[in-house]
Amino acid sequence: MSVDLRVNLSSLNLKNPLLSASGTFGYGLEFAPYGDLKTLGGIIVKGISLKPREGNPPPRIVETPCGMLNAIGLQNIGVEKFLEEKLPLLPEETPVIVNMYAQSGEEFVELARILDKAEKVAALELNISCPNVKKGGVLFGQNPLLAAELTRAVKKVVSKPVMVKLSPNVTDIKEIALAVEEAGADVISLINTLGGMAVDIYRRKPCLKNVFGGLSGPAIKPVALKMVYEVCRVVSVPVVGIGGISKVEDVLEFMLVGASAVQVGTANFMRPDTLFRLVEELPLKMKKLGIKSFQEWIGKLEV
Amino acid sequence: MSVDLRVNLSSLNLKNPLLSASGTFGYGLEFAPYGDLKTLGGIIVKGISLKPREGNPPPRIVETPCGMLNAIGLQNIGVEKFLEEKLPLLPEETPVIVNMYAQSGEEFVELARILDKAEKVAALELNISCPNVKKGGVLFGQNPLLAAELTRAVKKVVSKPVMVKLSPNVTDIKEIALAVEEAGADVISLINTLGGMAVDIYRRKPCLKNVFGGLSGPAIKPVALKMVYEVCRVVSVPVVGIGGISKVEDVLEFMLVGASAVQVGTANFMRPDTLFRLVEELPLKMKKLGIKSFQEWIGKLEV
Amino acid sequence: MIQEGLLCKELEVLEVRPIPGSPVAHLFLEPLNLPFTPGQFVMLRPKLWEYDPLWPRPFSICDLNSEYLQIFFQVVGKGTNLLLALRPGDKVTCWGPLGQGFPVADRALLLCGGMGIAPFIALCKQHPHPERLKLLFGHRLPLEVYPWQDISDKVEKRASRQESEEELLLFEEELRESIWQYAGKGKIFACGPHPFLKVVHKYLVESKAQGYLSLENRMACGVGACLGCVARTRQGLVQTCTKGPVFKAEELEL
Amino acid sequence: MIQEGLLCKELEVLEVRPIPGSPVAHLFLEPLNLPFTPGQFVMLRPKLWEYDPLWPRPFSICDLNSEYLQIFFQVVGKGTNLLLALRPGDKVTCWGPLGQGFPVADRALLLCGGMGIAPFIALCKQHPHPERLKLLFGHRLPLEVYPWQDISDKVEKRASRQESEEELLLFEEELRESIWQYAGKGKIFACGPHPFLKVVHKYLVESKAQGYLSLENRMACGVGACLGCVARTRQGLVQTCTKGPVFKAEELEL
């Protein structure tokens, strides 16, 4: 039996559904020693802003049961340096999706314009869900009106597919998903991290300098899976599942509830060849389960 | 150094801050073989409704990374049988708090009236946050107006302290906390479980018959800690911390961010003597840290 | 209501004895100084499990005497893999004996499928008149893998291996005949995987035999508190860990 | 930019050698067939860690030759406890050598505090002229606990134990003097706990010595991707795992 791994995200055709999640795969190059970047379905790079950002002061990460908190605060080299120094080194064979962060609608639009012009950028991911920054970030993602407005503004200036990344820190994620779909989002990705905190009783202080951080990793998988399922049932654009994915079984779970592709985040820290191994293991697992192509799997949960 | 473990929850004086979380300690009696119930700060029993409830069909539980999903659906013997058969067997020395579930405001009020009259009931906990039932439950807890209205209605007919238990499945938990405080809640407890889901790729079905369940256990501790901290900063009534507590360190963490007491849930399943051991270990740990009483600890996080 | 003596203890591992070339093993722990009824179980949680796996795991008491507590287990997932990795001297948190075992029976027909043999090892050892017991054992792995020799030859025992669908159907037929023949002569006890129990249950109910089934529902607490392990009975949904794991066949809806 | 050869491999445990009565141990793994610079580290993740602990753990290369990769570690928490429980034949996922080690130095003063001795074992072994090295070792545990004998006697080495606050102050004074005396004569390398590094850093900067510090920041990925391990330098916040762990003292803000 031969297995067809291809999936589509709007006009973006992927050779397999395995993408890196923003902020957990650097600019891609960091992982080149551990596998062949050309084999990946896509590379989503660290959140990029107009100007370089230093991020939050350390400590920025803390391990939690089956998960971690991060408060990186979107440290990045800025769009200019990214386009000049990083993008050219990434392989042609793998779509590069740029995760965008800005503090205002205008900045988002400006950033989107720049990235839209960069030939090697395959699509944009709008991060309206970062809990670790004071301005912008999750505030856009918690309000359906703001989320829709921003999506609309970016879509207006961009010809490439726009993926909007949702925050789980909301009462009803379906509402936000519908709002951004209506506003023109080509793809919806979810979830970003859950707001969380850790404290050190010996120093009587928060473990993170930023006090709050975002929770990711296997611990949050059940929450992510539910939200992806719920969103898939109400929207008609493709959905990309994110949250705690580390095994092929996890990949198949997210796709079974309706995701067209997945992003692997924290699991890249568990071992740097995680994504490359998943690319190898996925067709084997599909054969075992008798899945010839994802058409017969995506959204085929029997409820 | 002698250590004073006493804490107050409104007019309720506890000999220590260790309570059982509803639904994880049965009617208390299940744990009597494993320790002395008299040593506990308080016993919060399984959610009780006016009439007996059969709950959801099985499978109802599934293990997840460092956590579990449950969709018990509030199976219970009903208030009458509880008062007749269970309550009399519980020790006088430990306050019994009854967690209440109803499908409508009227039912909640009726249930509250009955429980208020039962002498041995020390306080009521209003469960407006159960994600596993179709009616009532979390719907009350996701809307500040409904939450406040319900709290007010119950407070009107009750003389005992009323603790309102909040759901984490909201955009802004502070808003709900403020609403129920304003409506007269004597104590606020949080968090209930996070909405979640698990699927079985071999059977292509949800693992839980109910499809969705509530996530609990160490996995959710960072989320719980953040919400408790945030609520403690805005309300002035005592707050009870819940979520992933299994060690004395966890107890002290929740109290450091502002909780006056804690509830231990899923950890009771890890071993049935968990709570009894925590009661023994807490003063030892406090001595090590030089904490004489909780006055010098509650809310003393240095940010 | 309040049972005394069901303490939660830390027991030392005496030995882990894997059966080479098979997924099964025996675990020997220092003994619990408590009486038990065959069919009862214990919850085990090695001390090195912190949060993952989160729950303890239930296992039938295969034997319990003054020297050891014996568990016969199959490696199927995370928890049993970690049991297999235990070494002598390691500590295992254990509570039990738990639940309702098999009722006393002067004569009984014991039906076991695969790992379902575990509680019957103890039952056969403890029975005052093993010659009044009859045991039918269906298994997939080679017989040597199971503690078959631990069952006295006084027991009228018969093992039959099923490796194919056909053999499985033949075994089902054998079960049907045995149950119909035995009905009215004594109690019938069964333990094994769910599909096996479903077949047995059907014939028990049809033949109106005095049958008892031991269920292996997923458990979180083992003490009746979480309500996660419920079985559907005539009395509604009840906890398998405290009202079972052994239930009267006629009470159960499978 | 793209480094070749830093593969992620599954290495077999050859031996775990705890030092009796102490919280430290040596771990010997099958060797990596790769060159390394002393000061570089590897990320380790035993195969039996599933999700808890979630992260791998960074350890300095204490020695790496054709026979083994040696790690010298102290048991401080969950992960190191699990390392201690490894048995010969167990598998450990390992990637590295990672990061920037100590620069080549004809002469050097090596300052180490406690477990900070680990990278200097390799450095002393590899140095073509150990007689040109000077090593000052401050420790809390008895000297026998450390691999002190693994450092050639050709190295001008001196160990001093600190059990009290007073002794600690004396040691700080000794550090100050050594640094000031050595400044200008050669490079100064330091590795140890954060408070130790802070003291060393201060004197290095004051004396304008050519100093290098190895940091032990918390790491999640070890490959520069998570941005969790950043150190504050003149270039802003940079990854300790890729730009370090060894930094020029004057570049660092501690």
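Letters A, B, C and D name the chains as they come in the text, with residue numbers starting at 1 for each one.
Please note the rule applied: contacts are C-beta pairs under 8 Å (C-beta built on N, C-alpha and C of every residue); 3 or more make two chains touch, one makes a residue touch a chain.
Worth saying up front: this structure is predicted, and the values here are computed from it rather than measured.
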{"item": "Of all other chains, the one whose Cα centre sits farthest from subunit A", "value": "C"}
{"item": "Distance from subunit C to subunit B - Cα centre to Cα centre, in angstrom", "value": "35"}
{"item": "CA centroid of subunit C to CA centroid of subunit D, Å", "value": "52"}
{"item": "Mean-CA-position distance for subunit B and subunit A (Å)", "value": "34"}
{"item": "Interchain centroid distance [CA atoms averaged], subunit B/subunit D, Å", "value": "46"}
{"item": "Residues of subunit D touching at least two other chains", "value": "50-52"}
{"item": "Residue list for subunit A, restricted to those that touch at least two other chains", "value": "64-67, 217-219"}
{"item": "Graph class of chain-chain contacts, one of line, ring, star, complete, other", "value": "complete"}
{"item": "In the complex, subunit A residues that touch subunit D", "value": "23-26, 29-34, 46, 54-55, 57-68, 70, 72, 75, 89, 217-219, 246, 266, 268-273"}
{"item": "Contact set on subunit D toward subunit A in their complex", "value": "1-8, 45, 51-56, 93, 95, 217-218, 220-232, 236-237, 242"}
{"item": "Complex interface listing, subunit B residues touching subunit A", "value": "64-67, 69, 142, 169-171, 194-199, 201-206, 211-213, 215, 217-223, 225-226, 229, 244, 249, 252-253, 256-257, 289, 300-303"}
{"item": "Parts of subunit D lying in touch with subunit C, wherever the complex brings them together", "value": "48, 50-52, 78, 82, 85"}
{"item": "Residues of subunit B touching subunit D in the complex", "value": "65-66"}
